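Two complexes come next, and they have one chain in common, chain A, joined by chain B in the first and chain C in the second.
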Partner chain A sequence: MSLLTVDSLRIEFGPTSNPLTAVDRVGFSIEAGEVVGLIGESGSGKSLTSRAIMRLVSYPGRITDGSIIFDGRSILEMSPRELRDFRARDVGMIFQDPFSSLNPVYRVGAQLAETLRVNAGLSRRAARNTAVELLDSVGIPDAPRRAMSYPHELSGGMRQRVMIAFATAAKPRLLLADEPTTALDVTTQKQILTLLSDMRHDNTMAMLLVSHDFGVIAQMCDRVVVMYGGRIVESGQILDVYESPRHPYTKTLLASVPHLEVGERGRRRLIPGGQPPQPGTIQQGCVFTPRCSQSREECTRVSMTLEPPDSLHQSACPFEPTSVEPMPLPLVIGGVT
Partner chain B sequence: MRYVGKRVLQAVLVLWGLITVIFFVLHLIPGDPVRAVLGGRASDATVQQVREQLGLDRPLPEQYLRFLTDIVQGNLGTSLALNDQVSHVLGQRLLPSILLIAYGMFFAVLIGVPLGIQAALRPNRAADHIIRLQTTFLFGMPTFWLALVLALLFGLVLGWFPVSGYQTGLGGILRSLTLPALTLGLSLVVIVTRTLRSNLIEVLKSEYIEAARSRGLSERRVIVKHALRNAAMPTLTILSTIIGYLIGSTVVLEQVFRIPGAGSLLVQSILRHDYQTVRAVALLSGLVVIAAGLSADLLQAILDPRVRLAR
Partner chain C sequence: MRATQPPVPVAVEQKSFVLRAVTSVRELPRSVHIGLVIVIIMVFAAVFAPLLAPYGPDDLNFGASLLPPSPAHLMGTDENGRDLFSRCLYALRLDFLVVFFVTYVSLPFGVVVGAVAGYCGRAADSVIARVTDIMVAVPFLVLVAAVVAVVGPGMTGVLIAVPIISWAMYARLARSEMLVLRELAYMDACIALGFSRFRTIFRHGVPNLLRSSLVFSTVDLMGNLLLLAGLSFLGLGAQPPQSELGAIIADGQSYILTAWWLATLPGLVLVLFGIGVGMVGEGLSDGRVAGRSA
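Coming up: the complex of A and B.
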C-alpha cells in the first residue's frame, strides 16, 4: 500500500451553485521514501493540491470530491484532533516564501520551541535545547545565537533552513515542499536542495516537491506528475517523462527550459496561446486544447483519463505523440527562466 | 533605544506646539476675560488691578514666556472664579475622568476583541453582518441618548447600577462609573471590531499562519498567539488616536451621569468664563492625547521587533 494516495481530488471556489473548479480529478500516489515532483505553471493547481494533503485549503476554497489516504487513514474524514496529530507527527510542510512563513514577532528559536512543547510535550528548557539542536542540524552556524534572532534578522536561505527544521522536527514520513527554492538565489537554492536531499536520506522520508522548475524536479525526484489547468496531464518516472514526453503540454513545457548546451543560437519554444486557464466551470474535453499546437476536433470530447492504466508512464492525451527531438537533461540547477 | 528617544523628542515638540497654540487661542478670543469674570459693574480701577495681578498688562512675548515657565513648573495659575489654584481644582476632578476613560476602553476591548475575532473567522457570513450592523448602530447613537437608554435599562428597570452621582471607595467608584463607561465602551466597540476584523483577515491569510497550522498547532493557539499579536497593532494605534474623541465624550457623559470629573469641570468653567481653568483642561487633554500616542508607539515597539528598526 502506498504511503499517500490522492484520488479524484476536486477543489472548488466561489458559490456552491456555480462553483469555479481549480483542481479536478487529480489522483496520484507516493510510496514510502519516494520523492515525487509536482510540476506546472502558476495557477495549474499544484500548490492547492499539496495544501489539500494537509487539509490546508482555506476558505473560500474547499475540497468537494475525492479522497486522500495517508497510511490507511482518510485525511478528509479526520476529526480536528486527529488532523492536528497528523499535521504534528506524520507530515511536514515547507513554503515558497521563507520571508513570510515565519511569524515576524517571535524569535525563531522560541517559535520552534513552541512547536516542540505543544507537539512533543517537551518542557520549556528541553524544548529550547532541542530547538537549538534542530537549528544546528539544518546547517545554521552559531545556532544558539541564531535561535535568539527574529526572522527579519536572517537571510532567505537561513529562514528556509529554519522552516526545514520546523517541518522535519517530528521526523515525519512525508514532507510537502511547495516551491522551496523559488524565492532563493541560485547558490542558496542548491544548498537547500542538498539539505533536503540529505534530510530525506537520513530520515527515510517521502517528499512531494512542488515546483515550476524542471531542473529542480529532475535533480530531486524519482517520479514526476505534470499538472495543467487543474488536471494531471502526464505522470511517470522522471527519465521517461523527460526523454519521451507523451502529452503535448509536457513537450512544450520541456522545450521551454533553457539549456546551456544550446547556447545563444538556441531559441526557446514558448507555449502558444498566452495564458493558462483560470479556474472555471468544468469544460468538456482537454483543458490544453486552446493552446495545443496539435489540437484537433476530437480534443473537445476527450475525457483526459490517464492512459494506459496501471502503467508507470501515463498521459491524458489519447493521441500518439508526434516525434520530438531528444532533450538533454539540463545541467544547471534551477532554470534561469 | 534610539527609536524610543526619537519618539519622546517628537512628543515633547508636539507638546510645546500645543502649549503655544493654547496660549494664543485664548488671546484671540474676543472680550476681556477680566471684565467677564468681574462682571459689568466692576470699576476700571479694579479691572486694571486684576490685569496687573495676572500679568495681562505685560507685552505678549513676556506673557508667553511666563506661561511656558509656569507650565514647566506645574503652575497652572489661579482661577478667578473659584479663587483657588487651578492645579488644586483640577487635581480633585482628574481621577474620575481618567478612570472613566480607562474603564470605557476596557469595555470596548472586552466586547470588541471577541466580536472582531468572530467576524474575521467567518467574514461576510451572517454573524459578521449582524456584528457590523449592531456595532455601527451603537456608534451612530448620540452619546447622551445611549447613556439615557443604558441608565433607564440597567439603572432604573434592573436597578444594578446607580444612575447618577459619584460614590466613594473602590467598589463605589466602579459601580458609579459602570454605566458611563459602558456607554463609552459600546460606542467604541465598532472601531475595535472593524479594525481588528480587517487586520485579522489579512493576517490570517499570511503564510506564517498557514505554516503554524501545518505544524499541528490548535486553531485557538494559532489565532491567539500567532495572529492576534500581529493584528492588534493597528487597532492599538487607532485606539490611541481616538483618545481625543473619548475626552470629548466624557464631557457629555459626566454631565448626564453627574460625575464630578474634568469634563464637567470644563463645562462649568466655560459657563463661568473661567479662562484659567478652561486653558488648563485644554492643555491637559492635549497632554493626555500626546501621551497616549507615545505609549501606543512604545507598546508597538515592544510587540513588533521590526518597529524598533524604523528610523
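Coming up: the complex of A and C.
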C-alpha cells in the first residue's frame, strides 16, 4: 500500500452556492521513500494540494471532495488532537519563503528546541543540546553560536537550512517541500537540494517536491505530476515524461525551458495564449484548450481522465501526441541559463 | 558542510537576563532615554513622597497662606497654607497608582481578546469586532459619570469605568495586527509543526503584535491621567482632602489672578509627565527598534 494516496481531491473558494474550484479531481500517490515532483505554473493548484495534505487549507478555502489517506489513516477525518500528533511527526513541511517562515522574536536554537519539546517530548536541556546537533547536521557552520542568533541575522540559505531542521526534527516519513528553493539564489539552491537529498537517504523519508522548475524536479525526483488549472494533466516516471511527454501542455512547458546549447537560433517557445485560466472559468472539457496549439472541437467535451488507467505514465489528453521532439534533460539547476 | 568536531552544548554568549535587558535598552533611540529618565524620576518622586515632601500634604498653616514659590515652599502655598510641592508629590502617588492600574489592566485583556479574534476569524471575530466598535462609540465621560452615580464619587468609579471601555482599543489594535500575522509563513509553520492553537497564538503571535499596543499604551497612559484630573476637576474623581493633580488645579483656579502658581505649577507637572511618556512611546514606535522583525 502507498504511504500517501490522494484521491479526487477538490478544493473550493467563495460562496457555497457558486464556488470557485481551485483544485479539481486531483489524485496521485507516493510510495514510502519515493520522491515525487509536483510541477505547474503559478495558480495551477500545486501549493494548495500540498497544503491540503497538511490540512492547512484555511478559510475561505475548503476541501469539498476527495480523500487523503496517509498510511491507512484518513487525514480529512482526523480530530484536532490527532492532527496535532500527525503533523510534524508523520509529515513535515518546508515553506517557500525562508524570510518569513521563522518567528523573528526568538533565537533559532530556542525555536528548534521548542519543536523538539513539543514533538519529541524532550526535556528543556536535552532539547537545547539536540537543537544544536540538528543545526550542525543541516550544515550550519559553528552551530552552537548560530543557535543563539535571531532569524534576521542569518542568510536566506541558512534560514532554509534551519527550516529543514525544523521540518525533519521529528523524523517524519513524508516531507512536503513547497518550492523550497524558489526564493534562493542559484548556488544556494544547489546546496539546499543536496542537503534535502542527504536528509532523505539518512532516514529514508519520502518527499513531495512542489516546484515550477523542471531543473529542480529532474535532479531530485523519481516521478513527476504535472498540474495545470487545478487539474492533473500528466504523470509518470521522470524520464518517460521528459523524453516522451504525452500532454500538449507538458510538451510546451518542456519546450519553454531555455537551453544553453541552442544558442541564438533557438528562441524560447512560449506557451501561447497568455495566462492560465482563472479558477471556475472553464467548466467543461480540457482546461488547456484555450492555449493548446493542437486543440480541436472535441476538446471542450473530453473528461480529462488520466489514461491509460493502471499505467505508470498517464496523460489527460485522449489524443495521440503529434510531433514529439526529444528534449534534452535540462542540466542547469534553477532554470537559469 | 558538516562540522568536524562534535557540537559543544550551548554555553556561548549566555548573557544574564539583566545584562541583555540593559543592552537592549541602550540600543533604543535617544528620545526613549530622555523620556525614561523623566518618567523614572517622577515615579521615584511619587514612591518616596513621604521621604521627599518637606511638609505633610494636609498640614494647615493659616499664617502662611497663598505664599508665592520660595526656597521654603518650592511651589508656594495654597489658601489654607498647605505646601503645594508636598501636595503634588502625594498627588502623583495617587495619580500614578490609578493610571498605571487602569491602563495595564486593559492592555493584557484587550490584547488577548483581539489576538484570539484576529486568529480565529469568522463568527468569533465578527462578534468581537462589533463589540469593540460599540465600546469605542460610547461617550467616555458620560459612562464614567454614570458609574460614579452608581458607586458614588471617588476613585472607585474611575477604577471600574475606565477598563470597561479602554480594553476595546487594545483589542482592535491586536486584532488588526493578528490579521496580518496570520498570513505569515511562520504562523503556518507553527501549525505544520503540530503546535496547538494556544501555543501558536500566544507564544508566536502575541510577542509579534505587542509593540503597537505598548506604544498606544503610552498615549493611553497620558489620556487616562488627563481624564482622571479632568474628572477630579469636575468633582467626580478624587474627593477632598485627597490630593490629586486635577483637584489641586480645580482648587487653584479661583485664585488664578492673585496666586497664579496654584493652578499653573501642578498643570506643568502633568505636562512634564506627558512629555516623558510621549518620548518613550515615540521612540518605541520608531522603525529602528524594529531591527528584530526586519
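Keep this in mind: the second predicted complex is superposed on the first by the 334 of 337 C-alpha atoms of A that agree within 3 Å, B and C clash if a C-alpha of one lies under 4 Å from a C-alpha of the other, contacts with A are read in each partner's own complex, and residues count from 1 in each chain.
Heads up, the rule we're going with is that contacts are C-beta pairs under 8 Å (C-beta built on N, C-alpha and C of every residue); 3 or more make two chains touch, one makes a residue touch a chain.
Keep in mind it's a predicted model, so treat the numbers as computed, not measured.
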*Sticking to the clash and touch definitions up top, decide whether chain B and chain C on chain A clash or fit.*
clash
*Between chain B (first) and chain C (second), which, if any, makes contact with A:Ala147: first, second, both or neither?*
second
*State whether A:Asp136 touches chain B only (first), chain C only (second), both chains, or neither.*
second
*For A:Gly109, is the partner it touches chain B (first), chain C (second), both, or none of the two (neither)?*
second
_In this superposition, which partner touches a larger number of chain A residues, chain B or chain C?_
C
*After lining up the shared chain so the two structures overlap, which partner does A:Arg128 touch, if you call chain B first and chain C second: first, second, both or neither?*
second
*chain B/chain C common contact set on chain A*: 54, 56, 59, 84-89, 92-93, 95-97, 100-105, 114-115, 118-119, 150, 152, 163, 166-167
_Complex contacts: residues of chain A adjacent to chain C_ = 54, 56, 59, 83-89, 92-93, 95-97, 100-105, 109, 114-115, 118-119, 128-129, 132-133, 135-137, 139, 141-145, 147-148, 150, 152, 163, 166-167, 170, 191, 195
*Mind pulling up the chain B residues that touch chain A in the complex?*
122, 205-208, 210-219, 221, 225-226, 229-230, 303-306, 309
_chain B-facing residues of chain A, complex_ = 51, 54, 56, 58-59, 80, 84-89, 92-93, 95-97, 100-105, 114-115, 118-119, 150, 152, 163, 166-167
*asked:* Going by the contact rule set out above, which residues of chain C touch chain A in the complex?
replied: 1-3, 7-14, 121-122, 184-186, 188-196, 199, 203-204, 207-208, 291-294
